[in-house]
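In the two complexes that follow, subunit A is the common piece, with subunit B as its partner first and subunit C second.
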Partner chain A sequence: MTTLSSHVSSRPIPNPKNSLITKLNAGTGLIVGVVFAVATYNLLKGENEDPGIAYNIHNRALLAAMFMWSIGFLVGIGAFIGPWRWLIGKDLTAEEQLYLAGDGQGIKRYFKYCTDHKVVGIQYLWGVITLLGVGGAMAMMIRTNLAAPGGHFITASVYNSLVGLHGITMIIAMIIVATGPFGNYIMPIMIGAADMAFPRLNALSWWVLFTAIPVLCSAWFLGGIPTGWTAYAPLSIQAGPGMNAFIATIIIFAVSTAVAGSNITATVIAMRAKGMTWNRVPIFVIGATISVALAVPAFPTFMVSMIMTALDRTYMTGFFDANIGGSGWLYAHLFWIMGHPEVYVILIPGVAVLMEIVPVFVRMPLFSYIGAVVGFAGIAGLSILVWAHHMYMSGWMPMLNGPFMVTTEMISIPTGLIFLVMLGTLWHGKPWLKLPMLGVYAFLWNMLVGGITGIYLSDVPADNYLHGSMYVTAHFHYTLMGAALTGAVAGLAYWFPKMTGRMLNERAGYVSFWLIQIGFQVLYLGMFTAGAEGQPRRVVNYASQFATANRISTVGAYLVGTGFVVLLWAVVHSWRHGKIAPMNPWGAKSLEWTVPYPVPLVNFDTPPVVTSDPYGYGKAVK
Partner chain B sequence: MSEHNVDLKPTPGDRFTTFLKRKDIRETLAWAAFYTAGFVVLGGVFYTKWMPTSLSTDMKSIERLMVIFTWISAPVCGLVLSIATYTFRHGTRGDVPPEDGPPIRTNFLGVASFGAMAGILTLTAVVYGLIEMNSASEAAAKDAPSALIVEVTGSQWVWSFNYPAQGVSSNELMLPKGQPVIFKIHSVDVNHSFWPVQLGIKADANHFQTTSVTTTPNKLGRLDVKCAELCGLYHAYMETEGAVVEPADFNNWVTQNGGHSA
Partner chain C sequence: MSSDTKFHVHHDAPEVVGRRERLGVRILIVADASFVFAMVFSYFYLRNLNTNGGWIPKDGHTFSVASGWVVVLPLIVGAILHKIGQRNLKTIGTISIITLVVYLYGLYYQIHQIMNMPFIVKDTGGFEGAYASSWVLIAGANAFHYIIASFLALGLVIRARRANVDPTLEKWRMRTAASWFTWIAISGVICAITTGIM
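After this line comes the complex of A and B, so read on.
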């Protein structure tokens, strides 16, 4: 508490029990948010005889209502109290700051604007679990519909919405899957910090993201989205009111990632423990920082593309509408300038989690730390130069297909380094085959398949055939799900003892691991085959020639789904009844294992001093 | 493990022989051979078995490229999976962390040779792809004067084909064998993607610009035309059929549909 009490000023300290901040929580946020949204909608809605103008007015009212919901919620939960008090010259007192950090408030603090990074980490974890659950349920519906040709299970309209909403839900979930829970809970402890650099912004990033979830869900009740998560124009401009929910979600989410990304970057730069020089920073921290630092420039283009889509839909500005001089290619560029870095924003933290795990379970130093850093940085650097490989077939500048093919395939080199680091650490080791370590093996296989199929897709002639087919879908699920999500699940198993004080149920963990990984291979082997046979993506129905491949896929999907249900059960059950965890169950050497559970409010009683990197394993050499 | 005889000062040749005699190296190499062979077979079988009958040289070269790329990557798969399998087999279970291994931080030769291998393989893939692209565009330029022009129009959710020189419009895609064809593609509404599957070509149909793509059908057979870009409600049903037929049959088809043979 020493750091906080130093802020106590000479002014009389008000009793925080009377302060407004004690009265605000997610409930008041909900009320103010709904009031703001309903009032805004009713103010702006209007009628017009011209259906085009009526469409514009309706979109305006809906979009404004969604943004006002988000702002209202934040007002209601007290997100702006800090800046407001600063503006009127009555800054928050030390006692109030302690209150905001959730000190001694038990479970209630998870529903408040709480600045403690550990609370934010748990909030993100449940946010991720919710999003993965919703996205996964949609995936099960998609696969059920595709189990047999005919597509009678759901209508084409519902199917298209499912495809798009599954996509965007999973993309959002996967962007925060590692940097949210582990980046917030574990990372500050890993670098020996008392909290994040900007604790209030940390709370803001979570609650802003939270407000995006109901907006995204509202897309269902507004008729869904017909465009897929790529939201290509001009399809997005002729789409129904559900599209507004998609647009608002992306804009709100982009604000959240900008806030979170700047905060994590600033924390890592400024808050490291004494002695933690750059070559002693744990590799997960390096990966998470490179990932969020890549998101900071990437996401604004997505946000801009959505603002322009919104303007096209509300004022007929015609950025993307060819009828009034726009171009769909402009949208595709803005989208993919975000879209390709974004897959590495997802991939890098998941891989970095696994790299953190390997040395601990092999009991050897991380092989070629510099190789790992160069690998991550190389992937991040090249990823901003490859976006147009998504547009080989669009007709835009065929002359540039060659250069984009070169930059894309060059990513194999830093990706190779990532493999080298993992393999080099494994070699000569006798790994401890616990659940987190199994994730490393699953990653090696899945990323191998995902990476190699990526080379086919980056090749222009091969892409002539494969583009827009199920082959692409199988490829990116291998990388994003097979590699990044596997990494995040391994990270959950690894850090579960530190985040909950209990061990994750091992037996259930193993069962879920093998169900998920075996099901995954079955699922996407079927999908690769369907793609090779020539089945396009995002189709509600298909010709009978693809029936076998799709049936196999669906069987695999059910295995994966069952595996995740088992995992969810293991998490919930172990959280409440699991074996009490020792302080350092894995015998790891990084700082987060030096603090007890529950982790004290400021993490360390005395700020730690670091004298080496956390990979000093190894018996003495003869 | 790395317990070499340091006292004997072995020559590089001796060291290599000793290296190959190590048990861990032998087992890993055996796994590497197994996985490499597995991927070579898989590459040879999977794509040739599952990809549809090729009706053009473009499609044939894509099929070949998929097989060759799999073969090029087979040794990489062998390396990664052999090390993974070896260490997995020699892993430990139980509740106590195992003993520490040797404190290897890096290995210059290992990193350098791995980096060089990755670079060479990438370069091979890049060069191979560029050569294929170049030969396709050269062939297209050479064939242009004698080509049959087909105007392809995508609309929600129908493909239609217009043969301007023949004065024929149709919803099925008929092509004469052996004659180069230039597709001029555009959309009247949202983005579509024109995909005559067995021809191994694809191009988006945009509202604001016409795109074109060239190929030469060289075999008789059925054609499936699909849309490869999500275009709204009935995207899945935006497909039609066609065929590559003998030139004489094509001319018959043209006259039957009210056109004139060019």
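After this line comes the complex of A and C, so read on.
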């Protein structure tokens, strides 16, 4: 493979400074996006004597404005220049492509439509940090209000909105938490590729997602979302204008997910280095690919449910209106056909990060690579057959509760395999207890609790009692936050040297780790207690019998919050002042550690040839 | 592709780039197929549930089975024409124009159907029932497919007239476009069969 720089310098090429792409950035995107949105709203807003019809027209105008903001932003930042130039038969020149890759543009490239996967990875990282920060702040407000019965910290309607917005913000953040930063920055280097398969689509996936963030935030100013993040119909049909923001966010996010999923999958299939056979692909890459391959078919069903909700709200269709032949169950099906695979879209990459870390820090090969792959694939495959366990109590097809209980409980088998691989790798190893490795132990405990409590919820009689209680909230936080987020934070500590050229402040890292993990146990074990005693979730007030458990939970939440503030400080401080990192501080064997920092534009000066698997540290444990 | 851009960013062979692009499009087709599956699932779910007899209410309107197939016909013709054009590259310019016209006609007809659908309740402006709701969603998806197909066909028409495109890569891009054209024809047939079962 010839590097871009060598062939660019070998031929006369036009000056890209004359090209439109040099003049566009997030600022121009913002301007064009706002102009599009305001113009669309003013064009479509209309008046009608019937208040019901007037309200529908208002909803139409709002929704259209939100989509046009997204399209306008993308026009303004230059996302459509490539397709336009393709259309007119004047493809981007090599120099224009080099310019788009952000070569030599310093910090400015982070605010441009930059196609370099490393830039996109950093953009995703800060996007995730922002979303987690906003979602976390909302969680703190929720817990503050629940610190004592009759809490008056926030009003009931604000509380309602907070619960929904916290949920959807965190779900979006968690879906991209590992595949966004590491899937974009690290993964192409791990497989020995010069870039992603479709660099422009890569930038598109980030900037499309970016446009969803202000749309979601606008829900606050439009009366919030009173439905929780599940947005069940017909509640969502009757909800105020803030619901439009939710609908637009999901549809925009689904587009971003499809684009990113296609890009990551194609990259792994088509761009692996010579010699990187499937059994030599790092396990993180396998996990991330299975995750996005699961997301690609899962999210469109959520998108369809949101389009239906939008049509019911704006054009009075009857998908979910029982008066004219609709059904709320239809929404529940479409939502959970996406919703349960989505849990594993979140979980698998986080676990795969930890699996990448374990062999490095115990200096043992990954115990049963095949077992890990089968485990991930088994979880992904079964996850599409379990959605109706969320509907046991809805009254839909009680005769199918049994089969769905069986498929759900069968997920324990591949999950057990994942545990076995982790424990097998640790067995007889001498762990190097650095910050990334601590995440592995935290995961094993948290996932154990999250997994076992999940078995109770999959069991129809137990779910009859626990459904809709705080127990459920504690369970899914143990899996998503305790396992997936722990994996992502461990990944940040592990790959921080490669992404920033500096070591993450270890002392601050340890402090944050223990604050988060101790706080986490206090927070959610308290919540399990309250839930098992019968406290329903999503309520602004509760009976005094749950007071102690809730107070304990709130103390835990503040510990977790403090821990994340310390972690944020560590990240920001280390990025600017941290110890300069050597090229391979952990002595790892995968390809990303063979390139220096800053990583060259095309990653490798000469294309790597892979001759062994990345976990050849010693004898395999039998 | 212009002569300046024969040097792809990764400097990979056109065959490699072309194969990769086709793979990407096929993965996106999986996402679109899931979308179509969700619509078809919803259609039959609501039809079989027939909540409060509201699938097609008494005196409710429907489209004829034939009208569904009329909308789909340009999708099928377009896909076949493109296949023919692929086999004989000398005629691709002319065939691409015909394909484009066919897709534009299909798009026009689909939009015309949507604009003149008979099941809007005059007093409220709402829809008559769940059949009407499901029909409009499927029609919208067809229209979306036509828009993307028209964009691709227009690009192929313009590019076929430019002398400086890389013929090997262009050939691969036609194959990539063929993947999309074939899929939307299949999707159209699925949708026509679906809406034909009232």
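By our rule, the second predicted complex is superposed on the first by the 605 of 622 C-alpha atoms of A that agree within 3 Å, B and C clash if a C-alpha of one lies under 4 Å from a C-alpha of the other, contacts with A are read in each partner's own complex, and residues count from 1 in each chain.
Just so it is clear, a residue touches a chain if its C-beta (ideal position, glycine included) is under 8 Å from a C-beta of that chain, and two chains touch if they have at least 3 such contacts.
Treat the numbers as computed from the prediction; the structure is a model and nothing was measured.
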| Three-chain arrangement built on subunit A, subunit B and subunit C clash or fit | fit
| field | Which superposed partner A:Trp445 touches (first subunit B, second subunit C, both, neither) | value | first
| task | State whether A:Met271 touches subunit B only (first), subunit C only (second), both chains, or neither. | result | second
| task | Determine, under the contact definition given at the top, whether A:Ala194 touches first (subunit B), second (subunit C), both, or neither. | result | second
| request: In the three-chain superposition, say which chain, subunit B or subunit C, touches more residues of subunit A. | output: B
| task | Considering only touches as defined above, state whether A:Ser262 meets subunit B (first), subunit C (second), both or neither. | result | second
| task | Could you tell me if A:Pro536 is touching subunit B, subunit C, both of them or neither one (first, second, both, neither)? | result | first
| message | Contacts for A:Met308 in the overlay, against subunit B (first) and subunit C (second): which applies, first, second, both or neither? | response | second
| query | Once the two complexes are overlaid, how big is the angle at subunit A between subunit B and subunit C (Cα centres, nearest 10°)? | reply | 110
| query | Does the superposition put A:Ala322 against subunit B (first), subunit C (second), both, or neither? | reply | both
| request: Considering only touches as defined above, state whether A:Arg363 meets subunit B (first), subunit C (second), both or neither. | output: first
| Regarding the shared-chain residue A:Gly381, is it in contact with subunit B (first), subunit C (second), both, or neither? | neither
| message | After superposing the two complexes on chain A, what is the shortest C-alpha distance between subunit B and subunit C, in Å? | response | 7
| Overlap of the subunit B and subunit C footprints on subunit A, residue-wise? | 322-323, 326-327, 329
| query | Residues of subunit B touching subunit A in their complex? | reply | 1-3, 24, 46-47, 50-52, 58-59, 61-62, 65-66, 69-70, 73, 76-77, 79-81, 83-84, 87-88, 90-94, 97-107, 110-111, 114-115, 117-119, 121-122, 125-126, 128-130, 132-133, 136-137, 185, 189-191, 193, 195, 197, 200-204, 206-209, 211, 224, 226-237
| remark: Interface with subunit C, subunit A side, in the complex: residues 1-4, 7-8, 11, 13-14, 52-53, 56, 86-94, 97-98, 101, 194-195, 197-199, 201, 258-259, 261-263, 265-266, 269-271, 296-301, 303-305, 307-308, 311-312, 315-319, 322-327, 329-330, 333-334, 337, 602
| Of all residues in subunit A, those that touch subunit B in their complex | 151, 156-157, 159-160, 163, 226-228, 230, 232, 234-235, 238, 322-323, 326-329, 361-365, 367-371, 393-395, 398, 401-402, 405-406, 409-410, 412-413, 416-417, 419-420, 423-424, 426-433, 437, 441, 444-445, 448, 452, 455-456, 459-462, 464-465, 467-469, 529, 532-534, 536-543, 586-587, 616-619, 621-622
| query | Residues of subunit C touching subunit A in their complex? | reply | 1-2, 4-5, 7, 9-12, 16, 19-21, 23-24, 27-28, 30-35, 37-39, 41-42, 45-46, 49-55, 57, 124-134, 136-137, 151, 154-155, 158-159, 161-162, 165
